[in-house]
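Chains here go by letter, A, B, C and D, matching the order in which they are written, and residues are numbered from 1 within each.
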């Protein structure tokens, strides 16, 4: 159609369950309001390689319940420097994009900002399992990752209880302890180690395990965030000092996949809808957020200015409840 | 222990996944702060029958991940009249309860109010899968019920797609369409029928199914809330008019059970903690709520004054995305 | 390719989880051995309508874990009479099929036999959740259907225990009680009603429920096979006579869908492989079976001659274990 | 009761999902036939420590669906030498055991044999996730472990596909590749490495990955059995040689836990029943097996004489289907 407006969509950075639901929402909302919709493949890389596809309503059928991203994702080092950013922005203009929705984490938002600075109308959607997007109370994928971690820990607990072992389970989260805190509290973990609070360490954990033995607890569960790491060494040290057989399990990429939960499908759908709505209103440089239990949006520069505040209550209440 | 303060806890009304996590949180928080904890069995009925048990930290071990409620629940008609309420309040005083946590739905909160009016310090926690507690943005059990419904619908869709049928699926929710709206949006349902909006009816649905056939859709999914009902008749009518084979499934009590999701365990744990905290502060007549993405509390009378506002956006966006 | 041999594959009758894994196995085995592979859509109907598609290795990518059948399925009344069977056989010859794999239940095998009688080389694969294919110890879909039923019953039990109710759960199985017996035994049901044994009836069940109350059991689970039906009436009658609140749930088509279990993927893969192997050997009229724990095959006429023998031990042991 | 006969039951070695179902079946069958039932805790260790408990019908309520073993399990070095075996047998006589059911793997059966040689009537039940009990076509826990592995691999695949990575997943199985072969075939793995066939090695896998790239496959899944190990190194080497990003995940003890599948509950229930039946018949030294699709039994010495034969067909067919 001559003169029809065009919106593109891409997923970037580590994938997260719910990204497909977000793509579906962006594409169908755009089509509903008369836009031509373009999928950019492999994140920003698709802008360099010109790897784009037309998206119809049926292109996103039967994808909402699938993990991963049908548009694929990749790291894209070229997007780190100004020359690359220039080329990417030039391509957006060349194909006539009136807007671009970027679904991803922190790093992806930096790419979005760079494109916005070059005149591309962008709208970000927070998509990362880590819940480490400071400006938003929710990021797509978190709920699925937590439930996957929790279910895996439940299985590990079965066997650890039978053998009266100490289980050390390492969950995702490099810079942010949210997955570990949630997995810990919802699994009744005796301890949780996260980067935000270094006062929980090997020594304090061993003391706790010994105290628990005194209380008659024959099984201990320690959840360790990826950013702390060293779970195999921790298990070994607990066993060496206490004599209690200890085993480490690193859940790893397992937590990135799987069918998204209802919460992830809902947030992804609503955020996708809002992103298109923002671009339709002529916004040029926004990110959709979830704040005070409602969908809202922020300028990308404002988003970066938000500092995360670590709330110790989740940890403290978890400890009281896992007595 | 002479003079030790006592807090009781009961679950009332229809059970909801996460009630056990709430009981665990109430009991362990109370114990942590030095209270003697009492479990009241079978809801308010336990106050009439004197059916109470001491709760220790180990009484609530290994229950967080289980559906149902270890304290059992029951309807209690005696609690409806003043004489019954007097007796229940008298029993609370007789056994020296300094506070009582009541986990349940709307009806349970009325019982709580009646006890408060008779000098029992009460604190309510919203526990019902229906999300129909007007004052709170969350009620324990909703997330599990939605995920259970969504997973069941996914299975039904597999077979309906293979047979190119129209599926009518009835989900829980007598007075409130939240479960239906969420199940519908997260399953990509073509239509959702809820009590809040009677403009969606058999006639409009049949029109939609016929229009969908015109667009090449060979499968339709209609989600119907329990409060609307009549799904078997609806399926029959669709088949009669359109000639498309149609089948109804009533999910029923299936959605009440199952291991609670992470969201339900988290809310239940946090609300249980807050309820005890409120009683410790000397509050006499409160309900814990979730509002603007945060835990808060209200006077029970204030809670009843809140009117639900039906937000049609969820329905509208669901329709746009299920095109 | 000039002169390349061709094998077709279709799914017929009620769909079953694992049918896609069987299609994948048939197609890729055929391709591996140099055949051209043809998918026939909507069961035998595709032979009347000429609705066939070329199948490549990639046509069956990413389908093994999905419920339903990508080739669709339908009832086909035309296949019931000789004229229809003539036309279907003529089409098979017209497109040059050197063999046809038919995945389905009892009825589908009759269609297969009719084609074989008209000179089409056929090989049947037992695909039905009901395990009512007398000649084979396994039929594709049974394990998934049983696990789905068992998981649903587990959820229903949570809520029934909390309310101290009697639960009546109706599972699939029109002529065959295998699903009910397995769901019953693996869920610890107090009673199972199946068509094979009419000595279990409303009266005997009510006696059992009353006896169980005497033993202190506050919850009863009754599994009813679809072929018996009447679960709502049964629940009502139990409640009327015993005063114990009773509820019926009809699982219905839920059990037909869902990702196939490992057992279903394995059997489907092996049976699909064997079917092609049989056609390659020049067999004309066989059905793959599972017998004495091994894959084998029978002439279709021999298959029909096998009479099912109902083994009461499963029921009896289930009763002893559910004491 | 004066003169009542007694049967004991213990679980030994690595735990397996379904052990609880087997304990339940043994206890309730024994009670049904008038025996006094004794649970021995922590495997053979309970015989040394006199750690035994009376088991009633209600002692095994609500356990069939739980992973692990309520009787706990432990390695027991004392049982390795004759002196220890003497003591254990003496304890069995001291408490008047007329029979002892031993649920566990290969090692546990050696313990059983030693007790039998000292006049204790024993009956073994094969309980190990590895399916490495040569004499039986099934060992309790295998089906659950395979489904757990398969589900985890499905999640890993989601994210690996989005990133176009090569995934190396290490599953359980020290001496036996059955779990790996089943997980591989049911997940469509491109390669499976097991101890039974050393011709699949790093070099052959890298060749395969390169060939797959040539065919347009952007994702590869390699399943490695625990007995081969080295999955992290394998992933690194694949990445080094091919340039394709590769990641290893070690599923570990995750596969030991979780609610048992229907197959595991059924086998455990039937084997538990048969074990008691054998002891009732006066058998002194048997093991229950599953052979040719039926429950049967063997003398323990005969059981040890059975040599496993590795059947390469499962691997070969898996390769053809994962083309």
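As a working rule, contacts are C-beta pairs under 8 Å (C-beta built on N, C-alpha and C of every residue); 3 or more make two chains touch, one makes a residue touch a chain.
Since we're looking at a predicted model, the values are computed, not measured.
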Next on the checklist: Using the contact definition given at the top, which chains are in touch with both chain A and chain D?
Outcome noted: none
Next on the checklist: I want to confirm something about chain C and chain D. Since they are copies of the same sequence, is their interface symmetric in residue numbering (over half shared, so same) or not (under half, so different)?
Outcome noted: same
Checklist entry - Once the Cα atoms of chain A and chain B are superposed, what angle does the rotation have, between 0 and 180 degrees and to the nearest 5? => result 180
Next on the checklist: Need the CA-centroid distance for the pair chain C / chain D, whole Å please.
Outcome noted: 28
Next on the checklist: I'd like the Å distance between the centres of chain B and chain D, where a centre is the mean of that chain's Cα atoms.
Outcome noted: 40
Checklist outcome for this item: chain B to chain C, mean C-alpha position gap in Å, rounds to 36
Next on the checklist: Can you pull out the residues of chain B that are in contact with at least two other chains?
Outcome noted: 154
Next on the checklist: Testing understanding: with touching defined as stated, what is the shape of the graph linking the protein chains, line, ring, star, complete or other?
Outcome noted: ring
Item to check | Listing of all chain pairs that touch each other, if any do | outcome: A-B, A-D, B-C, C-D
Checklist outcome for this item: The answer for chain B against chain A in the complex is residues 24-25, 28-29, 31-32, 57, 64-65, 137, 143, 146-147, 150, 154, 182-183, 185-186, 188, 261-263, 265-266, 269-270, 273, 290-294, 317-318, 320-321, 323
Item to check | chain B contact footprint on chain C (complex, rising order) | outcome: 11, 14-15, 17, 19, 66-69, 72-74, 148, 152, 154-164, 167, 247, 249-250, 252-258
